[in-house]
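Letters A, B and C name the chains as they come in the text, with residue numbers starting at 1 for each one.
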Amino acid sequence: MPLDTSAYSLALLRVDGRRWNELRRIHAQIRTQAAADGSSYLEMGHTKVMCVVTGPSEPGPKRGGMTGGVGGGGGERSSTADVSVSVVIAGFSSVDRKRRGRGDKRTLELQSTISSALAASLHTHLHPNSTIAISLHVLSQDGSLLAALINAATLACIDAGIPMTDYVVACTAGSTSTYAANDEGADPLLDMNHQEEQELPSLTVATLGSSDRVAVLVCESRVQVSRLEGMLAVGVDGCKQVREILDRVVREKGRRMIQEGTIEKGMSLDDMDID
Amino acid sequence: MPREAEPSLNERQFVLQALRENLRLDGRPFDKYRPVELIFGEQYGVVEVSFGKTKILAKTSAELTVPYVDRPLDGIFTIATELSPMTAPSFEVNRPTETEVLLSRLLEKTVRRSGALDTESLCLVAGQKCWSVRVDVHVLSHDGDLTDAACLAVVAALRHFRKPDTSIEGGLLTVYTPAEREPVPLSWLHSPFCVTWSFYGDQGEMALLDATLSEEHVRVGSCTISMNRHGEICQIAKLGGTPVDAVALLQCTNVALVKVKDFSAFLDRKLAEDAKRRDKGGLMAELSAENDR
Amino acid sequence: MASTQHVLLSPAELAYLHSSLSQTPPIRPDGRTATQFRPLVAETGILPGTNGSARICFADGTEAIVGVKAEVEATGRQEEEGDEEGEGGSGNGNGNGSDWVEMSVEIPGVRDDDSGTAFLAAMLSEAVVADGGLVGRLRINGRFHWKLYLDILLISPPLSYPLPLLSLTTHLALLATRLPRLKSEGDEDPFFDDDWAAATYLYPRGEKRTRRPPVTLLVMAVGKNIIFDPSKEELAVADVTLAVSVGEESKPDSEKQKRGRRLKLVAVRTVDPPSRLTPPGVPNAVNAAYGAGGRQKQTGPRPVEPEAVEGVWRAPRGGAKPVVMAALVQKTLEAGGVADEVLDALDGVDLG
């Protein structure tokens, strides 16, 4: 199903009507789940993910193999907290139902990437011998999956009150023409949807806060090396926008919690005592 | 589950302190590979690559099979990576470690998804018969930089490989033995190579090529860039780790292109040498009317 | 199968819990009455990419999401090739049409081939299929049928045995499930109306409403008391625990005017509560699992079983009496009982 990219050059509008540097609608919520230490819900366009963070807590019973997620920062008896991530891609999340087992290599790679990216910015040395378990659920997929997962995990870690250097924020960037067409006039694109990801070169970039420092850079499609600079610049710029949005969500929630007083906080503490 | 032995604090600091003084333990400059060796086996499609003490064996094989139902026009191409306990005691059979999963994903993305091998040419009869080409990657010895070495081995093995020639006449498929017809090479489109950078320092400001195992243990992040000599990026993977400045990453990409061109020229030369060696007493030479006076 | 992991309560705490639950009326740790459900928040139609979806959040914070996807499948092909996917939790192989519904359960931190998860999936799909009627509605024509994929995700950590939560969420998701309206006729290759507004509900509603998917409730008995929707701590002292699946029967015409509904029992399973497992710290000599009971020929003096001491917990021994089992089921099904109440409450959920 070739994407009609010719329309772009006429109106400079993408398939979903955005301009080259427009993000899709990002909707985020934190503290969506009373039972968890930290939780978040994030939508980037039609990509919807949920995240639940448990910890930092004592490591639970050791499970064999890689089933419990991939550990990032060292193992047991370590001087830093272990960040273990599990990603569950729901069978109903894509257009055609496709179920991935836990051994799926792509999922394992996602887990390892998120774990390693967060472990570098969380202050894991403050929580030795403990585990931060991040459990991510993908409810709906429409491109930029890794970016959405990273953003949701960051929000949930903030909600869990785990000290961290800065937000780890991510978004995707692409280019308007395929690798074969080596035209110089190719525009970089921000925030790819599924259809664009299928047809055009794209990369996922995650930065630390609003700095230019790149924590994650994943490109899985063929693209001319000369095109990389433009794509990366747009991606880093997009990350700054995403950071603003996420920051607003966190501040808004904080403001509301203060307004509502400590009641909500006290309630959740009681709930935890019962367990 | 056995765990990898981690380097002691002394070893760790020794390596890091040396790097801060612009020294590597084996005296190489930061952006230089260890001596690369490449030996082709007697059979087509067998190659052994070594980067210093890292040693990898890749073997290509092909068999006739039925194409997947959803892709009737494509042949089957798989890359199987195996890190056996022979490599290091921390690797177990049938229990993929993170290293192994990431390695096989990288090879998959670099070689298979970038379309280096034309899978359509492997199809013989649409929906009924196709070649299934399989590369088995065995890591014989692990001293860092598995990805680059494995990628070179896979590409070399596939380009060296010859599959039996076939013909179709009136719906009848004939596969010829090497004695009947000279085996034919695979339809190869471009040769991607991986270049892995390892980052050191609080801001990831020091970048090393071809890190040894002890250097890999102390790195704060890594980035694998796969390119071909035409400057097409096939894949970039910086999977987490300490954030690195974007401009530095672009710089890494440019150096990577130079290295990829070196790899490409190196492999071309090796393949030509091997072809010459094999050709000497070949059938063609025997039948040739020319005599070397 | 152990329904939950051990709760870390001391023998004294367990005994206290047990005796307060055996009072008349029972005193539950969270102050609920014996038949009271935990309050819950429910919504449906949260995922536009599915045929039907629902989310339920219990007051204790446990949360589940269920998505239903339907695909057209050729009838008959399945029987020849068998279930290729063979996922843990598909309800395959028990009678005609049962493999038209496939269920998978994801619980964070638990392998999907874990016996507990498989048991949960089996219980849930068994009830849905056993209800009958559903399979008939999945038929498109002689050659094709819908295949339903139910993916059940537990979002929160499993704080309590998630069966009731997952079952109620599945119920709502199935109620909200819509299938595209069929435009073709007879046995030709089916094609559908692509107007989603015209799609028909899998479980018809309004005047034509006949049945609804079953719900599976967790019921336990402590002493003489029957307690609904037990929490994890309460399960730790249960004498017997049952998972009761309740369906709704279509009413005969004579009763159409009457209020209320006719409930029927769809399935019952016993669930092993953790109270039946040997708690940690019991010496092997007195552990029945190590054959302490069968070693009477032993020469030395048989280790004396500790006497029942007031205030110290002792796990219940032996099975449940049929009377208790019957009472559990009876109590669930009675008119105006808990099942009725739960179904009423779920009726109130806006199905969008």
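Throughout what follows, a residue touches a chain if its C-beta (ideal position, glycine included) is under 8 Å from a C-beta of that chain, and two chains touch if they have at least 3 such contacts.
Keep in mind it's a predicted model, so treat the numbers as computed, not measured.
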item: Distance-to-centre winner among chains (Cα means, whole assembly as reference); value: A
item: Chain of greatest Cα-centre distance to subunit A; value: C
item: Distance between the centres, which are taken as Cα means, of subunit B and subunit A, whole angstrom; value: 30
item: Geometric centre distance via CA averages, subunit C-subunit B, whole Å; value: 51
item: Interfacial residue positions of subunit B with respect to subunit A in the complex; value: 1, 3, 95-98, 101-102, 104-105, 108-109, 113-115, 203-204, 220-221, 223, 227, 231-247, 249-250, 253-254, 257
item: Contact footprint of subunit A on subunit C as seen in their complex; value: 29-30, 47-50, 53, 57, 59-63, 65, 67-69, 71, 85, 87, 104, 106, 108-109, 111-112, 149, 151, 153, 155-157, 159, 233
item: Complex contacts: residues of subunit A adjacent to subunit C; value: 33-36, 46, 48, 50, 52, 54, 60, 63, 67-68, 86, 88, 90-97, 99, 101-102, 133, 135, 137, 139-140, 271, 274-275
item: Complex interface listing, subunit A residues touching subunit B; value: 64-66, 70, 72, 75, 103, 105-106, 108-109, 112-121, 179, 203, 207-208, 211-220, 222-226, 228-229, 232-233, 236
